[in-house]
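Same chain, two partners: chain A is paired with chain B first, then with chain C.
Entry: the complex of A and B
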């Protein structure tokens, strides 16, 4: 009897995901799909609002990475107020960078501890009563305590630069509204141990070692799970360095050939298309040069380490070289290596935060610059989960007439579908019984990308994911929820 | 007695902002010194701290472990109208995403990391409209008033 496995929300679908896997009578996979509702509502919501409100309005998209939306919108507004892409004052640009790297630091620490480590430490088949953050604490208490403080440190950086930990107001069109006071700097740079930049860097370096040690002992799992070739896209600095805040758009294919060669992101529409498929609310971005079928790409930590030439801080660069040596310099297409890449970026973020805190430009007083206004602006940043596009057009009254947002989760739409399909064909196919562990492997594939499933709204009663098993007649055979 | 009220939800998604709206009201009433927020329990003054969180997360374990009593306030899509207040216990759960954490998981984390989880309650306020927007629906706004009354009665019942 043909069966349909569904992983879907219990109630409404805003901000939630659904996985459907169809099996035929012989238990072969005939189709797998991953659905998420996209945030198009926000694009309509900002229309008619003044452009300078955009950085504050759009950050409400997310409670985990609001800084990314805040800064992408602010960068678009910079263009509207007539600044060139490098037109900010040194104080404004460095304050924004500090805010952004603080965001990256806290988000990456949270992901490793909250989502990744339970799966790695206990395995996909472990008892769900243990395979969670409490289980991590019981086995690796130091890791858990450190994770809380790593995240807290990143949030304190955000507080010092954005004014608030969540939904801050630090970035404004053309600059920022505050600099960093010496007391704020010293609290982060020289605070009592362990709460200072040097200790955070040390802990981040040890987190990388933790992953590498796990990798050595579990090579088959880490290397083989949901590995598939893809293109990779991200911002890189003009000299090819890893850069989360600003740069040019670069994409490489699965063999490492440049398929998008360091282009100005103001021209992104010339290079990126968005395909609509009838079964999904979320669009499927692709590189126009390669077409819809072959032009899909990954974004996020793995993609960034595949596109950049080097990392401009010493400890992270050393780890980057080890990471690149593993694939002999070729692009890394192994989904679970995203966790490795994420921890290298955590280390890099810590180093950048420390270096920025030592920079006297943060105490500068030129906060805002403005020149001749334009009617259109595009802002890009590398958010923790990948490249984030914000595009606005305004009218003569400064009101937004068009907004186009391509969030990281949308960029990763096809890769997440491929990852789910890999699990369906390599784990579920041919099985006569679907276990908790098998279904958890579907989630592990999704968790590597940490899509924005439930950030916009999460009211009680809304589970991020539920698992339902139906027979060919539509009768419910089994149901699990997260 | 130190009471921590944690209002959870996204104010940009209409009724999802009920938790934050409750926090705002409590803080306004605190400034006005209104009973029962200004009452004493035995010889101890009642100390109420009310905070808004877009989502709960791991660092909230550190915040709650310092309180004698915690009330999590959140919108609910399916709960009883207008609001319910129930005691909750620590419970670890598997995370699908970093973008949400349950109150029971926060308590479990506090218990394991810091050696104590305070007595805790969940104030679930029924919401109806979770579309993008900045105001509560009329029904949710009415439920907020009921939730405030429920919370006040709860404070008066503390001994």
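Entry: the complex of A and C
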């Protein structure tokens, strides 16, 4: 008898998702899907709002990565007030960079320690009562303490640049509304240990080691789990360096061939299409050159390390070389290696934060520039979870008439579906009973991409799940929840 | 000149003849919460936030002249709760989205809501359908936030003294209208003054939103009313 398995994270305020897996009479997977209720509403209700409000309005999309939305919208607004990134004052550009790398730092630290480390430390078959951040606190105290402080450090950087830890107002069209005071700088740079940039860099480096060690002992899992080839997309700096704040759009295919060759993102519509599928509210973006069927791509830490040529800070660059050597310089298509890439980015962010703090431009006083107004602007950043697109048009009264947002989670829509499908075919297929461990594996696959739906559950590091098993007639056979 | 003597919440005060209760209170360092009142401008007595009690009668402190031997109650718990109710009414009657409003931190209505620790209004939300109206090259009029205090109508004037803003209709249907040609002729400074005169984020001078960082805004460090020394007895 054909069965349908539904795995549904309990609805919270932010987005939520559910997984449906259809089995045929022989318990083979016929179809698996990952559904997300997404935030399209924002594009509607920014209409009519003054464009300078967008950075503060749209960041409300998310309580975990608001800085990314804040900055993407501000970058679009820069274009509207007649600037590109090149037109910003050095103080404004560097303050925003500092804000963004602070956000990267806290988000990556949060993700790794709160969400991913329980899976690594306890394994997918562990009791979910232990396999969460509380378990980490109880059994691995030092790690837990570090997790809290790493995250706090990133948040303090955000506070000093955006004015608030969450939902700040720092970036305004054409610049920034504050510079960095010497006391603010010194608190981050020379705070009593461990709360200073150098210690944070050291801890980040140790986190990379922690992962490499785990990798060595768990090759089959880390290399094999939900591995599948894909294209990869991200911004890169003009010279090919890893850059989270600004750059040109580059995409490579699973073999490393350039599919999108460093294009100006103001032309993204020429290169990126968005497909609508009847069963999901969330669109499926694709590279136009490759078409709907083959043009899907990954974004995020793994994609970024696949597209960039090098990392412009020494410690992270060394780790990048090790990371690249593992795949002999070719793109890395292993989902769980995203965690490795994320930690290298954590290290890089720490180094960038320290270097920026040492830069006297942050005490500069030229904060805002404006030139000739335009009616349209596009702003992109590399958010913690991947490339984030903001696109606005305004009318002659400065009111927004059109907004298009492609968030990281949307960019990763197809890859997350593929990862879930991998688990369905490799773990659930042929089974008649669903164990906790199987569910955990679905969760681990999704979690590698850190979709925004997990924002809501970051605090406890556990995706609440309800599982229902239906027969072909739609009758409930079994239910499992936690 | 004759000095008038009176008390507010038992505190002895003096005033010049002809001063309103609110002016006299301020002169004595006492804060009476207000919203439609604006220093140096003819009072309207419309918002009723400044309601005080004297001899068992309720009166708007911004319009009522103080009189000899008056015994005024200002901070009585029931008066404060009534003021809180008025603030709540203003919130439910418009669409006030503080988190994304550029007036946040500089908004008198928000500051009063903080003062009264308003969490959820006791009245149901109206969710009126209102819009943002372009008012010439310098200003946007955000009707969602307008509390019809008429400070703009009374105080924003063109060079020749003509009124830039006016009120259409009455009561609940009252709506602020703008003279587009006069608004277009406002200097940058006057446009900025118009924005500052509006207690909420309804009159927006273009392109200045969020220019003051969090922490440096008017009410970030000091709650409303604390410019007056003896604010809360």
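The rule is simple: the second predicted complex is superposed on the first by the 460 of 482 C-alpha atoms of A that agree within 3 Å, B and C clash if a C-alpha of one lies under 4 Å from a C-alpha of the other, contacts with A are read in each partner's own complex, and residues count from 1 in each chain.
The criterion applied here is as follows: a residue touches a chain if its C-beta (ideal position, glycine included) is under 8 Å from a C-beta of that chain, and two chains touch if they have at least 3 such contacts.
Predicted model only: the values in this text are computed from it and were never measured.
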Between chain B (first) and chain C (second), which does A:53 come into contact with in this model arrangement: first, second, both, or neither?
second
Figure out whether A:398 sits in contact with chain B (first) or chain C (second), or with both, or with neither.
second
Per the contact definition in the header, classify A:115: touching chain B only (first), chain C only (second), both, or neither.
first
Residue contacts with chain A in the superposition, chain B compared against chain C
B
Tell me which partner A:82 touches in the superposition: chain B (first), chain C (second), both or neither.
neither
Taking the superposition on A as described, I'd like to know which of chain B and chain C A:155 touches: first, second, both or neither.
first
Name the contact category of A:273: first (chain B only), second (chain C only), both, or neither.
neither
Looking at the overlay, does A:163 come into contact with chain B only (first), chain C only (second), both, or neither?
second
Quick one: classify A:178 as touching chain B (first), chain C (second), both or neither.
second
Set intersection of chain A contacts, chain C complex versus chain B complex
57, 60, 167
Which stretch or stretches of chain C touch chain A in the complex?
99-100, 102, 131-132, 134, 140, 204, 206-207, 209-216
Show me the residue ranges of chain A that touch chain B in the complex, using the header's touch definition.
11-12, 14, 41-42, 44-45, 57, 60-64, 66, 107, 110-111, 113-115, 118, 128-129, 131-135, 137-138, 141, 144-145, 147-148, 151-152, 155, 166-167, 443, 446-447, 450-462, 464-465, 482
Residues on chain B engaged by chain A in the complex (per definition of touch)
8-13, 15-16, 53-55, 57-59, 61-62, 74-79, 92-101, 105, 108-109, 112-113, 122, 124, 127, 130-133
Sort out for me which residues of chain A touch chain C in the complex.
48-50, 52-53, 55-57, 60, 81, 162-164, 167-170, 172-173, 177-178, 368, 370, 397-399
